[in-house]
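Below, each structure is written out as structure tokens.
Same chain, two partners: chain A is paired with chain B first, then with chain C.
Presenting the complex of A and B:
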């Protein structure tokens, strides 16, 4: 029994890290742009396909393919900001609807180009690490490690660089930030570009675990939503806490009760948080 | 003016030619799924009918009595939906006036079109797995492929006996199909002397099975059964089960899906998996059919295609035996009377009188294969009586 508990905790932490990467990009895009980006899941899917193309068609090593994916994703995010979201900057509702449309366009484009069948992704590593009775699949340990590195790098960028400071200022107050010389025309595309890049890199990292097809974006989007609601929209520490919590809940309930119970517990928690703390566990209330 | 005359002349010619041909054209409907989920099965069936038609047309048409018929296949797409199947069936039966339909792919579509086809004595050849597709009240429906009901028991008996399996774990989608298959497969394992001891149900769009598999594997099962899951999901389960260090046997009962599973899970994870195989590439005629298929369509062959090639050929044979293409009662009887038909898959017969109340279910040999380096290697040959 104790073995099963420890194993479930390990599974849960791995799962939580995967969710966190999705959620941070989502919450960043909201913080900067004030847009609830329903196309976030499709950027996850595009990231998975870009990495697949890099590895399988171009023969790049996996890390190089991921770097290419990140660069392409930042560019794509910038373009999307310029040509889709810019007219809706101050308009949350229209922006949300535009993002829904964008999601459909991206998914169907992938469908036309790649077809509906799942693509195989060559596995990077196989086998398991054993700690006594406990088992950590090497593939997941790798994803976990890469995820943590990427998240730390992103955190460093946000907290300790000029651009990161500018982004945070933008999240706090757009007008004041712009008076202090934050250049909106650069920071908006960059903010969305980084959010998109996080989703894309998550897609690339998870492609070897969960496979690649045009329809893989839905589930991670839903998880990002739950994490962001639990953690507080716009709050990165809140997202971190909520993602690990969600991973643990899913893993422990699935292992000890049943998969359906995991969904019930998760959504019950969302309802409770919304009732008791509508701004999320660590979100700040709207002024 | 001259152009107009030319146009009139060509139209008249075309009409005349059409009229002349009509006497000797035999129209066959192909009411299959050509878009969305299930389209790979639908393509396989349509192309099977086309290849069978090509065979007879090449020799100057299908000779029935003194007349030679040029066979024409008319395809319709039902998108795996009952309502679209009904629309297409109405057009086939009342506008195109066909007497024979290859299709449908799905269970719901065949049940939906049977009121039209049975009433109008149109012979259908369906893939639909539902037990209700065949019954004594539906004498014009045939099923030229084995379903899980035919293959599960002999296959499970063989694997349980040969691999010394006592306990089995399985994951099923949480819906009607999943529940039904869980019950059938559980019964089949019980009959074979093993126990389906760890069962989990999950939402169909789930991709992370590690928490569920952790629980199943912790119960120390000897094998994991994949029946009831789509090829992609089955592939993910295989990959993730191996990821958490499961070293037991993995079994896929029913439905050709090996290639997709290998695509998703990779060659290493699928090594040693036991799968149902509809045909043996070692049988020369079957391999030749697959070669012809891939060369003609530049596409991988779906495992059901050879069944419908044989099925369509059996239908042609029945028309020749009956000496008519118009009287479907006579053709139906001739089809029922075909014994030991020599198809590309091997020796074929009709069975199902006990199970369905009518012997319109194909009884064909099938195989148990072991996956080695991503390909199926046949390890046992089976009939509905058992495997060896």
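Presenting the complex of A and C:
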């Protein structure tokens, strides 16, 4: 029993790390630009395909393919900000509806280019780590390790660089930030670009585990939604807490009850949190 | 904005409404000109989409965008199908029951739900739509699970089975006219003015004596009932329902129709449905392109025609008026 709990907790932490990578980009885009980006999951999908192209077609080593993916995703995110979201800056609702359209366009473009069938990704490592009775497949451990490194790097960027500080200032107060010289025309595309790049790199990391197809963006988007609602729209610490919580809840519920029960429990939790505390666990209250 | 528009159009409502009605009648009669079964089918799908979107429009009139609309369509569909197949009740009972159940559920969850505004309301309705789908999948005894319920009996009105596409088309057309007439009455009555006041400035509406919470809840109940009503017809026409039928994609398609047609215009849902619904029926072979076209239209309309296609004629007449 205790073994099953420990195993579930390990799986939960791995899941939570993935969810956090999805959620941080999503919440950053909302915090900086007030955009609820329904196309966020499609960037996860695009990241997975870019990494696949890098490894399988261009023969790049996996880390190099990930770097290329990140760079491409930042550029793509910046373009999307410029040509899709910029006109809706003053209008949250229209921006969100536009992102629904963007999601459809991206997903079906991938469908036209790559076809609907899932493509396998060459596995990077095989075998498992054993800690007593606990089993962690090496591929998952690698994903977890890479995810933690990337998240720490992003944290360092946000906390200790000039641009990171500017982004955080924008999340807190747009007007004051721009008065103090934060340049919106650079920071907006950068904010969205970095956000979707995190989603893309999550897609690249997950590709060896789950395979790649044009439809893989839906589930991570849902998870990002849940995490961000639970943690509070725009709050990064809230997202961190909620992501780990969600990973653990899902993993434990599906071990001890069933996978579909886990989904229902998390959605019911989302509804309750939105009703009782719309600003989320750690979000700021607003009008 | 919307209040100003409606005030301006009230005096000239006779002439412009007459023109719209003639155009609508012409478009509605297209299937008979061709006499093709396929065109009747497309006509039915347009009517159903326009009706469901009309419900969404009523909710939009008080300033809320619901992504749970498909779930209410599903509630109506399942209510009617279960009453007809399990209890042997006629469709004429199942249809109003579908509307009633959807409206009742909307009433029950409306009060806490509608305290949320803007993107928060969209997010919670998004979560609710998923919850509906998951819960329905969890009870296959009721919903048929992921394989759904097939062989739903055809629409039957007092002993007359609507077996032909053209008969169903007449019926859905009549229902659409009724729903549009209801929207027209609401829009031009006192209720419509209350809706517009709440949409434009909830705080001002509240302080000048409009009970905003109750007004929003009423709009939510009316809109969701229309969704349930549509769902019942849809289920008995298509003959198959499953929890997946009423997922996120369907909710999004209603939002696209509404936004393209015009979020606050009376004719928005109709214009949007006529413009967008035939697309998938004619592009069967190239589904991917159809979705890309949808996405591009949506973004382009948001950007260049925030009033939607229905607002286009208004913008044009205003231009003409300025020139003369």
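One rule holds in what follows: the second predicted complex is superposed on the first by the 286 of 287 C-alpha atoms of A that agree within 3 Å, B and C clash if a C-alpha of one lies under 4 Å from a C-alpha of the other, contacts with A are read in each partner's own complex, and residues count from 1 in each chain.
Here is the rule we go by: a contact is a pair of C-beta atoms (placed from the backbone, for glycine too) under 8 Å apart; a residue touches a chain by one contact, two chains touch by 3 or more.
Note that the coordinates shown come from a computational prediction; the quantities given were computed from them, not determined experimentally.
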Partner chain(s) touched by A:211 [first = chain B, second = chain C, both, neither]: first
Contacts of A:179 with chain B and chain C, given as first, second, both or neither: neither
Chain B versus chain C as contact partner of A:111, first or second or both or neither: second
Touching partner for A:263 - first (chain B), second (chain C), both, neither: both
Which superposed partner A:137 touches (first chain B, second chain C, both, neither): first
Partner chain(s) touched by A:97 [first = chain B, second = chain C, both, neither]: second
Contacts of A:11 with chain B and chain C, given as first, second, both or neither: first
Touched partner set for A:87, first chain B, second chain C, both or neither: second
Contact residues of chain A, present in both the chain B and the chain C interface: 260, 263
Residues of chain C touching chain A in the complex: 65, 112-113, 115-116, 118-120, 122-124, 126-128, 130-131, 134-135, 137-138, 252, 255-256, 259, 287-289, 291-292, 294-299, 302-303, 306
Chain C-touching residues of chain A, taken from the complex the two chains share: 36, 84, 87-88, 92-94, 96-98, 100-105, 107-109, 111-112, 222, 225-226, 229, 233, 260-261, 263-264, 267-268, 270-271, 274-275, 278
Chain B residues within the chain A interface of the complex: 36-37, 40, 174, 200-203, 205-208, 210-212, 214-215, 218, 232, 235-236, 239-240, 242-245, 260, 262-264, 266, 268-269
Chain A - residues contacting chain B, complex: 3-4, 7-8, 11, 15, 116-120, 122-123, 126, 128, 130, 135, 137, 139-140, 209-211, 213, 216, 218-219, 250-251, 254-256, 258-260, 262-263
